[in-house]
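Chain naming follows the written order as A, B, C and D, and within any one chain the residues start at number 1.
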Amino acid sequence: MARLKVILKYVAALGATALFVFPLAWMFLTSVKPRVDVFAKPPVFIFTPTFDNYSRVLDSEFMLQLLNSAIIAGISTAFSLTLGALAAYGFSRYGRFKRVDNLLFWILSLRMLPPIAVVVPFYILLRWAHLFDTRFALIMIYSIFNISFAVWLLKGFFDEIPPQLEESAMLEGHSPPVVFLRVALPMVRAGLATTAAFCLIQSLNEFLLALLLTDVDAVTAPVGLANFQRYFGLEWGQFAAAATIFVVPIILFTVLVRHHLVRGMSFGRMG
Amino acid sequence: MPDIELRDLTIKYGATAAVSGVSLDVLDREYCVLLGPSGCGKTSILRAVAGFVAPAAGAIHIGGRDVTRLYPGDRDVAMIFQDYALYPHMTVRGNFAFPLQAMKMGRAEREQRIREVAQLLRMEDLLDRYPRELSGGQQQRVAVGRALVRRCPVLLLDEPLGNLDAKLRVETRASLKRIQRDLGVTAVHVTHDQIEALALADRIVVMEEGEIRQIGSPEQVYERPDNLFVAQFVGTPAMNVLPCRLTREGERWLLAGAGFHVHVGSAAAGSTAAPGCVPPPLANYRDRAILLGIRAEHVRLAPAPGPDYFPAQVYVTEPQGSEVIVDMQVGGEIVRARGDKEEWAFAAQGQTEVYAAFPFPRAHLFDPDTHRRVEV
Amino acid sequence: MSAAAPPSAMQAAHQRYRWFPYALLLPALVVLVALTIFPLVFSLGVSLTGYGLGRAAGFVGLANYAQFLRDPSFWLALRNTLVITVFAVGIEIALGVCLALLFRESLPGFRALSLFIFIPMMLSPLVIGFFWKFMFDSTFGVLAYFTTLLTGRTVSWLTSPRLALAAIIVVDTWQWTPFAFLLTLAGLQTVPPQLYEAASLERASAWMRFRRITLPYLRFPLLLAVLFRTIDTVRIFDLVYIMTGGGPGDATITLSVLAYRYGFQFYEVGRAAAVSWLIVVLINLLVMVLLSFMGKSAAATARSTGSGRAR
Amino acid sequence: MRTRKAFFALALGIAVVVAAGCGRRAQQPQAHLRILALNWPQAPVEQRLANEIFTPRTGIKVTLEMNTYDNVEVKMKQVINSRSSDYDIVHYDSQWLGQFVAAKGLERLDTPDYLDSPDAEISFDDFMPEYAVVMGKYPTDASEVFAGHFDRYRDTPIYGLPWATGCQIMFYRADLLKQAGFVDEQGNAKPPETWPEFVRIAKALTKRGVRYGAWTHAGRQGDYITQDFFPIMWANGGDLWDSKTWRAQGVINSPQNVEALQFYCDWNLKHHIVPAESANWGNEEVFNACAQDQAAMGQFWATFGAALEDRDRSKVVGKMAYAVVPGFRDAHTGKIRRAAMYGCQATAITAFSKQKQAAWAYIQWLMSRETQKAILDDPTSAFVSAREDLLEYTKSRNPRNRAALESSLLAHDFWNNPEYSKLLNIVQRELNLAFIGQKTPKRALDDAARDLQQVLDASPFRPKGA
């Protein structure tokens, strides 16, 4: 009976995983299919794999766009995490006033802005400031969304730290900044990893703003992916190969921080 | 001189006052215990001394220095927290070193200090462990060590034994006291456990509802409680309190309640007071209601009637090692008595009809309105 | 402890470090204000004008907003947006909880499997949109191929008004169930195991165990999932734009697609800004409702876990 | 104290990052033309030729920034709206012209600086007027132009020159038609001459689960369904509006248009000769349907024929044949009336360019006989030149080009006034709904007429006399 239950659980788990993985597997298969087989009907599962698509993508400007994405997402995440952690700590420790609550809501509401609402003014602003098509511009703009997200997520983590730890450190003669850096911050490592993961994912995948606020130098990977739409249609093989190349680092990062990710999301409330 | 002086201290959280107008002097090298039920304001006082809450009014002086508005780190005070507040991301060594780093102490000296503390607490071999790898008792010792490592003249303890099991608590209690005495620090200890308070304190401050109810040595607090609250809060089981009236019966004064009576100056207790003499404060209560308090260990039991003994129905008996606690009904009230198991074997063996007596010299009398002690 | 939570030690007024809270809050606030003040003022201002490509930018007051409130496609977009949000977020949460309950078992291999499930939310919606559109296509798509094999009929996912909306919900669910899954899995770790032991002694049914023990611990992470998923789903754009372009007809048009249409196809910047602000208002309303729930449940969780985290 | 300094250092660091980022973008080297280009197959060829010939000859660097059709439209509007000088040359589709001219985004070319200069190496008359007038001059009335009245626009301002030339032509699988017995006297496959014939053949070619007899792109996105329906509508004698009076009501929902739409929707709803999913199809899906042997014939852009001959992409190499699109036979005259969908893009100088003379030099080079011929010579370009003096050469390149150039005489186009995108959006929505059977053709066209008329009436661009 117990054995049957375990088997059933495996079946359910494998089934669920298959549902989530199948489209990804299909994407990968597409990336190694000969072009003419991509749309074959019935779908082709057995074929001689080709890595032409990968070599073509590796030689293309997509790699530069990938680099742009990495730089933009990386710096924006680091920057947002720094400011976000400071502010989240501030809101957590000093945020017991109604007015501060409103401030916090205002910060959240920045994340609610549809990109369409701000893209035209940003376009005008960036032109005026000669920042159009720079990585710096995208870094700053993504930081709006990332800071807002980081403040909200990290505040939850800081709220969970037992106050005695900080009190103890203060009593021992450490100033509040040291208490923050050496006691509070190390305690929310899981939170920082989680927040970083989500900020990275979001900044790497943003499309509309990147499309409209760049043209050559700062083009990011999602825009590059969209540019695999050629006259005759999407270059599915290269598109899939590029998407695979694009997502692998994110997956690796997630594998690295997976422990933090699960724990992180529980706001440090683990036993 | 690291004496601590609180003057008219008031602490408010929002509109509610947690502490109102408390004044207290803790003497140099004294072990002072703040005792009271939860919510009585004792922790707030400790936190104010540490600098974690700003008092709404009043002042705090430590060693003659006004520290009321000082940053906690500038007060030269150490503290042991109930949950120990160990830094989970640092080893034991790191936990010890962290306070010293704030003192900008040289590396060699720091190591020296850490070694000393580790020796004192017999935990040299635990220095490289993380707190989560330690048992509860070991964690508590780390907390003590971290508080001592800075050699502050003032040590604050917030329920430091609350998370330990009973056996460990007794052991640790003793070592705390020893360390305090050896190092000559002034200690302020907060607890709701009166046994802990009685065991440790040079002086106990009993608090209730943000105010001090009594300050005194453990003996004073136990034997001469100033008021009904202190009387009932200190001691286990809690003091029996029974309403009665003071009447005069011929030559003798009598405290008579439902189902019991006590002769003032009753010889049953071997009193030296002559019959017919009543101290003046008590005399004021003639023919008035008064509250009689008697600790369980002072209640006498006998298998058969005797002078000043009255009948009681045994309800339940709880053997406690060599002693036994007997719950019985006297009049309409439950009275608990504690005595030697052998001596009271009759009660433990199922006899429900017994005879009890409250020896007058052991009785505490309280005003039913003010709950203040009536001196005998 | 008194009824009012005591303030944190950080907050006790210490003259020496009075600058510290400002040092914490100001950098983020200054950066956010500096970055958003112009775009916000501009887009609010422009939403009150007829500004557009080759059009005079006269002040029109609230006419742009009024125009949308009269426009049936706005109401259709609002309805679709809400339908997608309610169903997608609802299914994501339900599925996420089910998966998390399954994967909490520490059977060998489950950890590795759960990592695979996290992957969809890391992909760009652009990639997902293209791939699912391709898979749904009844002529070439592998998904349609299998549905045909199974049902014997051709299912036109993206060209029937109902199914197209469902298809979008399916894809959004596929991408974001992992998010709810992750949060729930994390939330489950916070449930003290002794509670289950106690419950098994009391012979509580599985459902009762879930309702009485597990759910209270999941309320906070789930509300967080709902909060962020709602914010993002109300703004849903890439998926719809790529998969159906709002079609068939306007059957899958959402508020963001409508805003895009006005902003970049008609290039009527004023009207696009007005729709965008209506989206902001809608999200704000939803979030305020959610936060008021969250405030209550956070307090409830604090009480039930009894860890005194009510700071 | 130390930590306090550290915090200020952090603040300073942030300030420095911000300040550094604000530094101006490095100045472009002199004379570097940037072109906002469509990613048509001819664009890479053009880039190559520019690098090989134009830049060495003039020292002017050229970058074609190739974007998808949708993105070019969005970016163009963005550029013109913000009067950006980022791009010197832009490509535009004929329908956008009105919008861009109204926004004063394009440089007028019939001026002494450009075409009217005595030094001009090219002339507007070098190009076939069937293509050049609608895409280059504004304002024009498409119905007059396609009726051949080019002379009426002799003095109309010129904004662009033909960059890409194309028409929807009839693609058909010669092998399948032959197999099914649709042959002429010589035994060659005989493509349908009329639309009813098209349906008849398609029904014969449709094999459940194997292949559809026809295809169509009836998608809601872009202008797909409109592209495929309008030629049928025009061939049936209808029109989409009256360009003189700005009236759509009573025109687009005329009885013959309702009839035409019913005819078109029946492909999907009654005859099932096209996949139901084609209601969400665009060029890509139609191309794949052809290339994967999933559908046998239909209207399509001539350019796509090039890729069908590429074994890497296509399973029907050598099997596809091309003709002009079918029409309807007039009951009285017995003559077949046909209409073809016009699809041409022009190249223009932006009004905000800071290097207009360099841009003009480039356009003259690009439009020259020599360069156009060079592009034609590269088979990957799938190019059809609009130059009159290359007409025979272009036709001789391949049968697609021939069909395209013959179709250009039958071409019709959309509105090109500034309200184009709104008008298109309405028509797309209603046609799409009719195609999937959500609305009857009558109702769809009535609703379209009502909404179109609303837009037209409210338009600030409506001519006074209309």
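By definition in this document, contacts are C-beta pairs under 8 Å (C-beta built on N, C-alpha and C of every residue); 3 or more make two chains touch, one makes a residue touch a chain.
For clarity, every value in this text was computed on a predicted model and none was experimentally measured.
Contacts with subunit A and subunit C are shared by B, D. The chain pair sharing the most C-beta contacts is A-C. Seen from the Cα centre of subunit A, the chain whose own Cα centre is farthest off is B.
Mean C-alpha positions place subunit C and subunit D at a centre distance of 38 Å.
Spacing of subunit B relative to subunit C, judged by their CA centroids, is 55 angstrom. As a whole-number value, the distance joining the C-alpha centres of subunit A and subunit D reads 38 Å.
Subunit B has residues 47, 51-52, 71-72, 74 in contact with two or more other chains.
Contact with two or more other chains is made by residues 39-41, 83, 120, 124, 140, 167, 170, 175, 177-178, 226, 234 of subunit A. Across the assembly, subunit D contributes 4, 7, 10, 14, 74, 78, 81, 285, 288, 292, 294 as residues in contact with two or more other chains.
The set of touching chain pairs reads A-B, A-C, A-D, B-C, C-D, using the touch definition from the header. The touching residues of subunit B, when paired with subunit A in their complex, are 47, 50-52, 71-75, 77-79, 81-83, 85, 87-89, 98-99, 101-103, 146, 150.
Looking at the complex, you find that subunit B touches subunit C at residues 13-16, 18, 38-39, 44, 47, 51-54, 69-72, 74.
On the subunit C side of its complex with subunit A, the touching residues are 7-11, 16-17, 20-21, 23-25, 27-29, 31-32, 35-36, 38-40, 42-43, 46, 99, 102-103, 105, 107, 109-110, 113, 115-128, 130-132, 134-135, 139-140, 142, 145, 174, 177-178, 182-183, 185-187, 189-190, 192-193, 220-221, 224, 228, 231, 234-235, 237-238, 255-256, 259-260, 263, 269, 272-273, 276-277, 279-280, 283-284, 287, 291, 305, 307, 309, 311. Those residues of subunit A whose C-beta lies close enough to touch subunit D in the complex are 34-36, 39-41, 79, 82-83, 120, 123-124, 127, 129-134, 136-137, 139-140, 175, 177-178, 181, 211-212, 215-216, 226-227, 229-234. Listing the residues of subunit D that touch subunit C in their complex gives 4, 7, 10-11, 14, 73-74, 77-78, 80-81, 99-100, 102-104, 219-222, 275-280, 285, 288-289, 292, 294, 418, 421-422, 425, 429-430, 432-433, 435-436, 438-439, 460.
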